[in-house]
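Okay, handing you the structure first.
Think of it as A, B, C and D in the order they're written, each chain with its own count starting at 1.
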Amino acid sequence: MDFSLGDDRRMMADSLSRYFADTLGWEARQAAAESEAGFSRDMWAGLAELGVLGLLFGEEAGGYGGSAFDAGAVFAEVGKALATGPFLGTLLGGNILEAAGEADLLGEVIAGSKILTFADDPAMDSNGVVTDPVKAVKEGEAWRLSGAKGVVDYLGSADLIVVTAEADAGWASFLVEADAEGVERRAYPLVDGGAAGELTLEGASARLLVSGEDAISKARALGLVATVWEAVAVMEVLRDATIEYLGTRKQFGVPIGAFQALKHRMTSVALEIEQARSAAINAAAYFAKDPATRDRYGSAAKYTAGKVGALTAEEAIQMHGGIGMSWEMPLSHFAKRLVMLDHVLGDEDAHMARYLKLASAA
Amino acid sequence: MDFSLGDDRRMMADSLSRYFADTLGWEARQAAAESEAGFSRDMWAGLAELGVLGLLFGEEAGGYGGSAFDAGAVFAEVGKALATGPFLGTLLGGNILEAAGEADLLGEVIAGSKILTFADDPAMDSNGVVTDPVKAVKEGEAWRLSGAKGVVDYLGSADLIVVTAEADAGWASFLVEADAEGVERRAYPLVDGGAAGELTLEGASARLLVSGEDAISKARALGLVATVWEAVAVMEVLRDATIEYLGTRKQFGVPIGAFQALKHRMTSVALEIEQARSAAINAAAYFAKDPATRDRYGSAAKYTAGKVGALTAEEAIQMHGGIGMSWEMPLSHFAKRLVMLDHVLGDEDAHMARYLKLASAA
Amino acid sequence: MDLDFTEKDEAFREEVREFLNEKLPKRLSDKVRQGQRLTKADMEEWHAILNERGWLAPHWPVEWGGTDWSVVQRFIFETETAMAHAPRVVPFGVSMLGPVLIKFGTEEQKKHWLPRILDGSDWWCQGYSEPGAGSDLASLKTSAVREGDHYVINGQKTWTTLAQCANKIFCLVRTSKEGKKQEGISFLLVDMDTPGVEVRPIKLLDGDHEVNEVWFSDVKVPVENLVGEENKGWTCAKYLLSYERTNIAGVGASMAAFERLKEVARTTRRNGSALIEDSLFAARMAEVEIDLENMRTTNLRVLDSVGRGQTPMAESSMLKIRGTEIRQKITALMRRAAGRYAQPFLDEALEGGFNGEPVGPGWAAPVASQYFNNRKLSIFGGSNEVQREIIGKSMMGL
Amino acid sequence: MDLDFTEKDEAFREEVREFLNEKLPKRLSDKVRQGQRLTKADMEEWHAILNERGWLAPHWPVEWGGTDWSVVQRFIFETETAMAHAPRVVPFGVSMLGPVLIKFGTEEQKKHWLPRILDGSDWWCQGYSEPGAGSDLASLKTSAVREGDHYVINGQKTWTTLAQCANKIFCLVRTSKEGKKQEGISFLLVDMDTPGVEVRPIKLLDGDHEVNEVWFSDVKVPVENLVGEENKGWTCAKYLLSYERTNIAGVGASMAAFERLKEVARTTRRNGSALIEDSLFAARMAEVEIDLENMRTTNLRVLDSVGRGQTPMAESSMLKIRGTEIRQKITALMRRAAGRYAQPFLDEALEGGFNGEPVGPGWAAPVASQYFNNRKLSIFGGSNEVQREIIGKSMMGL
């Protein structure tokens, strides 16, 4: 049993933390998050230079990390800094490239010279109906993909897109060049900062990366670990800011934290966040076990993060009062990110349902 | 729109209230609740004399009430006094007798000379498996019932038992004499005071009362109204006792209600109880509408009462501290009754499930 | 006991429905239904329509242009207009200042100001909150010093809703520092065109401009704009806070929002079936629906007691708390229903007349903004914590 | 970072399991598993078995009969014994008085009292709470007046758990009324056979006799029974409250109870299918299971920090709060699982050796009693409100 991050990982996390502190002050963060790309290219280049992206992948793929705890450590720093950028697409798409043995291509991603994203969720049409899965058809040695994917992270900036699609033999993942023919991208900003886009493929040329659903499931599972670690880091920022506010803001002549109702509610928030942190640790610790165990703890963690995330965001705003709702306060943006993270890779309810399914299968 | 109980009903409720106050003081209540019968025969005779039981039935059946609000008004007084006795069996069994046009028999029940109960829930065996429904077989003009019913209110004291059973043509309700051959009764006390019993029928002779499930459903629906009104009355006793305690019990030199955490939680309890009271009113108000509407509001009310009941009971005990757990305090018995009422006629979850089913059928 | 409305009330409901059917512009109800932003002109248009019918300020006395509706009729009106997706009446003139003037104003003040509220000549905003005084309203610092025929105001108000649309502001100002902090407050009417008044927008977390700071630098206000007595403004403030809080639960608005949610849950399909068939989502919806049905009856019970002459204090606060909780839960469910499509932010889709291609489900565009914006419901207008204090005091004197 | 125990710890776990397998009498584990009442003899039997192995007081120093187990090993021991349905060790002597004596007792006191705790010569109970002093423990009034070589005690203690089994009681008594209320308290050891000590049972709502009032009328206690200095008893009390609270979450007990719940939910059939397939019940169970899994890791994290020399304050209180909440939720689910069969009350079925016919499911007999009895978890031993105050203070100094 060991709850330390480990020296190497701690060192990288610390330098990442310093890098964000030095280059991504609040104004810079806001400018980047509201920019058309939704993130700062300079920051991304800096991260690549710092070697941060390499921590997300194993040595054979040109990285020097690749464990679930490595991903967790990086995403915790992303959360703490409220950094926007194609982190998740890099992690998930990169994980598939890694599984496919595409070390060269992944090398370009790690070096920051190519932006990668992961198109997995199906699009929903304007009536709220989930569109049919993207279909993959083989033409000679090449593959053609057709269909739509929804809310693809940083699609507008991507050079490479890892797309999950259904072929005759089942699900597989493919590589699509963003500027290939038959690739249509509609980019838009997100309510919590950053950007995403709708992807429409009409016979777009693609390269098969990995057949079968296992690699996709594993990438999604890693994504759960990463988002949960990010969410917990955001919670901790909100918690600390709220505790600070409760201790300094005065009403009726005393700090508002002296009002027992607020104080006791804040203890619940803090307690729940500790539970969410434990859930995040569990998800990372069981990631390398068998898929059923991995997914069980992944869903438990995402469920916990969703539930605690909403509580934390809502209580942080409520306890700040009006000021907690203002755009000027970083707090409100942390709260938005936290609530929106619930919707990334399946929300609280979806993961409760999956947890129940996994439990009844066990 | 009218939220008054109506003069006649108010008058009867008031005299019932006075009767309980005069004859069912706390020690008398405890003695009755812990007696072998689980209630006081004298009290029951007094209620009959007062005419209270007649309020539960319509004029054709020899009563002078019979509406859902009549039942609600009576059961609210029962809850307030924490009276034990075969109230529910009288209401539900009597409702079936009423539907069957059995005015004479019902007259004896109203007069208190016969004790009636209603055996509806199937028994569960020692492994937790619900036993098969009681079967009704016709032999010439007579019927024979076989099977088991569980947790039948005041079975040990009953003279008459209305039993629901499955005949070839479907569900129907039957009258069984408690001392008939083939009737086996195992009586026991209840954790919240009063008594019930397991009923085993082995070819017991029975008389058909009403064919079909409609009358049974209606009786159950009326039972929901009654239990919910009883539950709300118990909640109000707990609320008032807790508010009183918060205002008088001192710790750290001030009344504990001055501690904002307790105060704010108490406001939630009070608020939820107002909602439960509204749910109870809704259930009574919609009782005479079509069965789908009736059952929808019945389930909404039982769900609400279950949820709010547990909250109220748990918070009342918690806010009283140790003293709230002592047998000596009436409070703890009100809390037990309230929690156990959740299990009568289906708990919170069962009624949420039924509500969803009714909604999706609508 | 029964929950049915009387025949008279049912006839009134029909009258309201007919009115809405005839007079409520579809352009406006579409905007409201779809959660799009209303412009100042939109709100003025609806006020004018209501005023034409004499229904803009139903709770005012008839002599000042109100109605003689019962509390139940007012409830019916509120519910029906909300269910028809009518714009909400801007409350600052009609529901806040109006009643204060009627109660505390001089005959001249009433004659001058009340008609101007109804005909739209004046758009009022409310100068209560200050940066240092949130829930502790009475600790406000904005000062008004009497100089001859004028007060001179200096200070700052904040969270002033729709100040950018208003030409007038009613303010609580400090006219004395003697005695208890509640005793040196006065209630003043200020023309926002007066030199020294400056409005600075506050952007809220959803990106919308709804509230403002209002700054006062040596702002001269004629003494005849004092409402009630000098240093007795707290009486006006308290009256305003306790007045007409019987429809505070927003039952109509919640019912409308819930209907919209049901519609969405029926049409949105996920994993091959309608969202409403998802057992966890359906249970969440049912919980809210039951709570809302219960609250509707709770509200009617409060109205009934008001109709019988009682003044509800704890009950109003309960309605406020539960009402805001329910509305917040409904918007949270809308965001859940949208799933990942809650996240795209298309500012243009929030404007009326948007006819571009939506991203994902057409209804999803405003749901995240509404969810975040609705956090205000439990903060502004007396936070839910303040309401709990009121209940606690009323229940146990503590 | 990893959650796996070391090989050494795994070996230790095996050792504990073997011990339990060999030494834990099935008669006792059956009683515990079925929620039946343990007699004094049952508890003494289990203490003797543990003591024989030297595992009765693992957290004491080796020289006094304890072990040198790491905090993780203690966690493993606690979890394994609970999962095996071993009786809980009665904490008053072993976990409360023992550590206080080891820290504050004289050499003579240690030599005299500690072995008697281990060998069962003494059964201690705790005289802390008083009728007037609940959460405000320091306001206690039971007085001890020094008269020559004795203190003379007068007053009343309450909620004294298992006083009916005990021959000794350690008490907080007031020896001075000067200064702050915490400063006049002393820690005294009292023989319950002393004239003037009277134990009166308090029946709890579940009908069981577990707690008592203890009355003192001119009870003479030799001065050598004072632990620590006179008027410094509060230091002992605080130490006792903060000591060894790292396993306070009761993870093992909750895991055992949850396993039992799962078993029940798998075998109990309702509406034609197993209860575990009821979507609402399954979701309630999953919520608790996830919370418990999270808490297990939270507990391990706290142990890890203790192992690294830190003193957890807020963390212990969080474990106490969530631990009790989880245990209460599990008993509430057991009562739901029993449905109407939670209601029958068969007192005899709660005694070991009951071989009558159960009413309904065999496991249902104790569930209502356990549910009501477990309300105490959030009240006694520092109520959850008191724990929240501790967390608040530690988080923000307020």
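The working rule: a residue touches a chain if its C-beta (ideal position, glycine included) is under 8 Å from a C-beta of that chain, and two chains touch if they have at least 3 such contacts.
On a predicted model such as this, the values are computed, not experimentally measured, just so you know.
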Exercise for the section: Report which interface contains more C-beta contacts, comparing B-C against A-C. Expected result: A-C
Problem - Farthest chain relative to chain B (centres taken as mean CA coordinates) - result: A
Exercise for the section: Please compute the C-alpha centroid of chain C, do the same for chain D, then give the distance between them in whole Å. Expected result: 53
Practice task
Just give me the whole-number Å value for how far the CA centre of chain B lies from that of chain C.
Solution key: 43
Practice task
Could you put a whole-Å number on the gap between the CA centroids of chain A and chain C?
Solution key: 38
Problem - Touching two or more other chains - residue numbers and ranges from chain B - result: 259-261, 263-264, 352
Completion exercise
Check: chain D positions touching at least 2 other chains come out as 279-280, 283, 385, 388
Practice task
Report the residues of chain C in contact with chain B in the complex, numbered from low to high.
Solution key: 1-6, 9, 72, 276-277, 279, 282-283, 286-287, 289-291, 293-298, 300-301, 304, 314-315, 318, 321-322, 385, 388-389, 391-392, 395-398
Exercise for the section: Could you pull out which chain B residues touch chain D in their complex? Expected result: 121, 123-130, 150-151, 186, 188-192, 196, 198, 251-252, 259, 261-262, 310, 314, 317-318, 321-322, 324-328, 332-333, 335-336, 339-340, 343-344, 347, 349, 352-353
Handout entry: Complex contact set, residues of chain C against chain A
Key = 129, 134-136, 139, 158-159, 202-207, 211, 264, 267-271, 275, 278-281, 284, 332, 335-336, 338-346, 357-364, 368-369, 371-372, 375-376, 378-380, 383-385, 388
Handout entry: Complex contacts: residues of chain A adjacent to chain B
Key = 259-261, 263-264
Practice task
Mind listing the chain A positions that touch chain D in their complex?
Solution key: 1-6, 69, 243, 246-247, 255, 257-258, 260, 263-264, 266-267, 270-271, 274-279, 281-282, 284-286, 297, 300, 303-304, 352, 355-356, 359-360
